[in-house]
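What follows is a set of structures to go through.
In the two assemblies presented below, chain A is common to both, partnered first by chain B and then by chain C.
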Partner chain A sequence: MDAIILQILNGLDKGSAYALIALGLTLIFGTLGVVNFAHGALFMIGAFCSVTLSKLLNLSFETVDPTQKDFLGNPLKVKTPYVESWFGPEVGATIIDWSVPLAILFAIPIMLVIGYVMERGLIKHFYKRPHADQILVTFGLAIVLQEIVKFYFGANPIQTPAPDALSGVANLGGALGLQIAYPIWRLVYIGFSLLLIFGAFAFLQFTTFGMVVRAGMADRETVQLLGIDIDRRFTIMFGLAAAIAGLAGVMYGPINAPNYHMGMDFLVLSFVVVVVGGMGSLPGAVLAGFLLGILEAFASTTWATTTIPGINQIIIYLVAIIVLLTRPRGLMGKKGVMED
Partner chain B sequence: MLGLKKHDLSLLIIVAILTMAAPFLLNPFPTESGMAQFNAGYPDLMQKFVIFGIFAIGFNILFGLTGYLSFGHAAFLGVGSYACVWMFKLLGYNVLPGILLSIVVSGLFALLIGVITLRRSGIYFSILTLAFAQMSFALAYSVLSNPKFNLTNGETGLQVYADDPQWFHSDRLPDLPHLFGLSMRATHRMELGAWEFQFNVGYYMCAVIMLLCFYLAIRIFRSPFGLMLRAVKSNQQRMNYTGLNSRPYTLAAFVISGMYAGLAGGLLSAVDPLAGAERMQWTASGEVVLMTILGGAGTLIGPVLGAGLIKYFENIFSKINESVLHGWFGFLPDGLEDFVITLVYPFVGKGWHLTLGVIFMLVVIFLPGGLVEGGQRIGRLFRGKKPSGAAKSATTEPAE
Partner chain C sequence: MTKPTLSRRGVLKTGAAAGVGLALPTYLSAASHSGFTNAPQGDTVTLGFNVPQSGPYADEGADELRAYQLAVEHLNGEGDGGMMNTFSSQVLEGNGIMGKKVEYVTGDTQTKSDAARASAKSMIEKDGAVMITGGSSSGVAIAVQGLCQEAGVIFMSGLTHSNDTTGKDKKANGFRHFFNGYMSGAALAPVLAAQYGEDRKAYHLTADYTWGWTQQESIAAATEALGWTTVENVLTPLAATDFSSYIAPVLNSGADVLVLNHYGGNMVNSLTNAVQFGLREKMVDGKQFEIVVPLFSRLMARGAGENVKGILGSTNWHWSLQDEASQAFVKSFGTKYGFPPSQAAHTCYVQTLLYADAVARAGSFNPCAVVEALEGFEFDGLGNGPTLYRAEDHQCFKDVLVVRGKENPTSEFDLLEVVEVTPRAQVEYAPDHPMFAGGNLGQCNPGA
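Take a look at the complex of A and B:
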């Protein structure tokens, strides 16, 4: 029982990253009809937003402390981050400690702008071109973004620790008499993803803006005939999708140290998730994300890997192939989406 | 001649001459000069040119003709490599059985994957092939290399060990891949003044095979079968409405291009008998897409050009470091020199992928026909100045 709950948690954890990226992919796909191969790069950029923020916060100046000596006998140089000198040592240290959650605030505007610029500057010109061209140009963009990040941050993973208060291990299920120790940050990640997902759905479901966007997804031309500037709204949706991917990346930093190719690694799996969930179906993407995450977690147990070695590496692809052969439109795909 | 039209025949002959004379053409700088690092006329790199040329020609048969964008072609390359090394392990170092088996195995593998993936088209197809390739990569990397059943030797890569059977190996034969006793590594060096030219057996074998592949590709392009594939690209729906089942044609194209990829993989193993799983990773699939698009998808010569260009940059561009740049821009005043170097530096050396990405994006945005289209446009620009007769012939050229 303990093990099962543990694996479900593991699966939710991995699955929430898939679900968030897949949600963004589907949003872009459903609104603009573009397959965005650069979406993984957005996830990666989000993670590097938190790296940048923690670097910025750690910018420091040196002062010479005459009362202390270093091992050579010279006066000790003390590095003090600017934040600590501005807000006092206590508050400053807390700010630096909480740099990852703070990076959420930092990343939202950046990701919105990146998404907006990407759509207006590049992808807009590809609506009328074949899908292959859209894939290719976003693939090229992904390479470029990835290489730029690599140039500035290097090829090695950069540690972005979670705040001290959230980096321990929580004992769940104490009341039920179960022994389930689980890292707090991963629980935070699951909660955060659920919040984000519900937020996105609520936004689409309960606001006028969301209603117009949904109408546009269903029938773009009619909405335009009603005199609504649907293109502008779709551009904003692209920015939102970019922000969702970015936030997923920001919060993923403490789980896996960000490196420049993390986006590509997630992208391939997220595509599989989108296809399994059904192209253009938002609930499908989320559902498939969590399901595949849980499936992968169960396939990674010792029992599974000793029965079939390496099953955890291929289970997702196997399931994807089976689903597509039996339900070609995916779990919740609708008729007529991408069937030309 | 050879069942080709005059236009295609001259193209084939030009390519043949260029590949045969490549050791000269790619070595324009004297060995001792500072520019010698830009020479590409050494066996390793030339072999890569032609082998990846084959890979790209094969990819082009699928993508260029039918428009089906496969993001998983590296899987076939990897399967071919493994098949070839297995032949080395079992039979001995003669490359012939290895190459033949790699074509057969990758063809079968392509048939299996094609039957499944070609049920969908468009984006679904791209993603499905991508998923298959990643699955093959995972299979090769970890699943099929456990102690009970070791097919791929995992991370280390498959190679020939001393205790392998090698049934047809005898002491007279070289202990390296060879073609009936002629070692792939055998290189004839010719010194001519300050230049040194290398003629490598492995290169010439691969080059001859590439010419055969190129010839076959021309025949496919000009055949009724090729025409049918083009019809799939331009309007598959209409084809289906006329009662024509397009699946067998696309499947045939998929299998043929998978066999080309397998052949390329087999040759990679033939010139260097070590097959690793990283050849199957999806970045490798992306690379062949880059090559084909960069050169010009749907054209005959484009993929070869693209493959050569990318492999050249990968090997040569990445060697340029900061001191080389300082050497180049040394004539500029100091401040300007540093400024220019900081501008250029991210794009060379380790950052050559950035250059590749930028060029690729520019090509996709402005030149969907690749470098070949660029060449045609420039050619038209020059011809356009001449009287109308020349301009007319330029406009009636088929838009390849």
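Take a look at the complex of A and C:
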């Protein structure tokens, strides 16, 4: 029982990341009709926003302490972060400790701008080209972004720890007499993802802007005939999708230390998620994200891997094949998407 | 104006040289001029440094390359000479190798066997490299070693820890200075038993490729011999990044030790996940739960941050060693680059000196002469104490370091502390040990 609940939680937190990336992918596909293979790179850039902020907060000045020696026997240069000298050691240390949550504020404008520039600068020119061209150009872009990040941050993962207050383990099963210890930050991540997903849906459902975008997704030409500049709104949606992917990346940092190829690790799976959920269906993307996350978690348990060796690595693709055979449009896909 | 003169000394020298030439076995004297792949022409010799410059081990590759550049400087008589001054064999004079200035070319292994073979092939065929060295993965080392054997050049492997490199995949043209999985097990197990008790149940997570398999086998065998039981061994895909679904089953498995047979990004992530799940604070039947990382690297310890504190593992070399040779190397490297060298840098630097020294002692770049010079070579003064390059399998035998993640680091480099220097006798094994059986060195291949 404990093990089952643990794996469900594991599935939910991995599923949260899949769902958030797939949501962004679907938004872009649904609005602009572009298959964006650079979306994983946006997730990775989000995580590196948090790395950058933590580096900025840790910018230090050096003072030479003659009483201590460095590894070569020279006097040790002691580093003190500017933040600590400006705000006092305690406040400064707290700010540095909370750098990941703070990075959310830092990442939103950056991701919006990156999304906007990407769409206006490159992807715009590929709307009328075949999907294969779009895939190639966005995949190329992903590789370029990845290499840029590697050039500046190196190939090894960089730790972005959660704040001390949120980095322990929560004992969830205490009241029920079960032994379920789960990292607090992963619970925070699940909660944050749900919040972001509901926020995105509410934005589309309850604002005028969202209504126009939904109308545009359903029938772009008619909306344009009504005199609405739908392209501009779609560009904003691209920025928004980039921001969602970026935030998913920021918050994922404390779970797995960011490295330059983390985007690629998630990208392929997220595409499978989109296909299983149904191309163009937002609820489908979210549902499939959580579903596949949970399935993957269960497939990695010892009894699963001993029953069917290697099942943990193929389960998602296996499910994708079964879903596509039985429901070719995916779980919640609608007729007419990508079928012209 | 000078006129040709015949001096007594000149006549003697010429006579002696001619005598030696006649006395040498014909294959050797012929080969020392030509008759082997990429015989150096003119007054330079080219070495090929095949390191991961991209991909997940790129940072280690960068450190290896720094070490190679330093070694080339020292061989050519620039810089402070580093470990050339402490090396027991004092044949190298700082005038290149046998008077030929050392030049180098580099290749990118990308930590992929096929890419590594391609870059090694190009360095041999296009750039005329007479020796290939480097790498940070056993998969790559075994692939490139096979290629060098076929091409007829010497392969001095970089960081490779699988038993197979000098076990079932050993080759006459290949040499490994780095230690291996068996040695890690033999060094680590007694320390583990002493620190954590002999009644322990271990759960292994293992990277699913040659290195992971042989290390897991070695650690399990060594710990079981001291009374531990192995509850479970789960193979994890090399591409895995989130290990939470592998860690969660550990919690209720009854195990009280988790052994992570992971390296690089895998190790950083699995260790981070294990710590997140509270394994370090966990108690099982009144015993403190422990995590072990058998192959530790400082570069990776940096990646894992706080999580490495208190965790035991083994390493080939560490910059904080106080012997004269290690200090000379750290000083030389640290002065040039501003930070201490990694174990990968150390092994690569040492391999380059060992190759150059073997050539100088053999008096030839011919791979077969170099193999003969390295086989059974005993040396000291390269940072690991007295060391033997065993003739039977081309594996170096030397002391092994058991290290622990430091609780209170004084600097960003001060991440590991040496718990024990395990003496060489304790990590030695017979060449036909079952974990290394099945291979055949074959004959040295001088190539063309």
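Here, the second predicted complex is superposed on the first by the 326 of 340 C-alpha atoms of A that agree within 3 Å, B and C clash if a C-alpha of one lies under 4 Å from a C-alpha of the other, contacts with A are read in each partner's own complex, and residues count from 1 in each chain.
As a working rule, contacts are C-beta pairs under 8 Å (C-beta built on N, C-alpha and C of every residue); 3 or more make two chains touch, one makes a residue touch a chain.
What you see is a predicted model, and the numbers here were worked out from it, not measured in a lab.
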item: Contacts of A:Val83 with chain B and chain C, given as first, second, both or neither; value: neither
item: Partner chain in contact with A:Gln313 - chain B first, chain C second, else both or neither; value: both
item: Which superposed partner A:Leu136 touches (first chain B, second chain C, both, neither); value: first
item: First (chain B), second (chain C), both or neither touched by A:Asn10; value: second
item: Intersection of chain A interface sets (partners chain B, chain C); value: 150, 313
item: Contacting residues of chain C [partner chain A, same complex]; value: 54-59, 232, 234-235, 237, 239, 241-242, 244-246, 248-249, 251-252, 265, 268-269, 272-273, 276-278, 281-282, 299-300, 302-306, 319-320, 330-331, 334-335, 339-340, 410-411, 413-414
item: Contact footprint of chain C on chain A as seen in their complex; value: 2-3, 6-7, 10-11, 13-14, 68, 70-72, 76, 150, 154-159, 161, 167-169, 179, 181-183, 185-186, 255-257, 259, 261-262, 265, 296-297, 300-302, 305, 312-313
item: Footprint of chain A on chain B - complex, ascending; value: 63, 67, 69, 116, 119-124, 126-128, 130-132, 134-135, 138-139, 141-144, 146, 148, 237, 282-283, 286, 289, 293, 346, 351, 353-354, 356-358, 360-361, 364-365, 368
item: Chain A to chain B touching residues, read off their complex; value: 35, 122, 125, 129-133, 135-137, 139-141, 143-144, 146-148, 150-151, 264, 268, 271-272, 274-275, 279, 309-311, 313-314, 317-318, 320-321, 324-325, 328, 338, 340
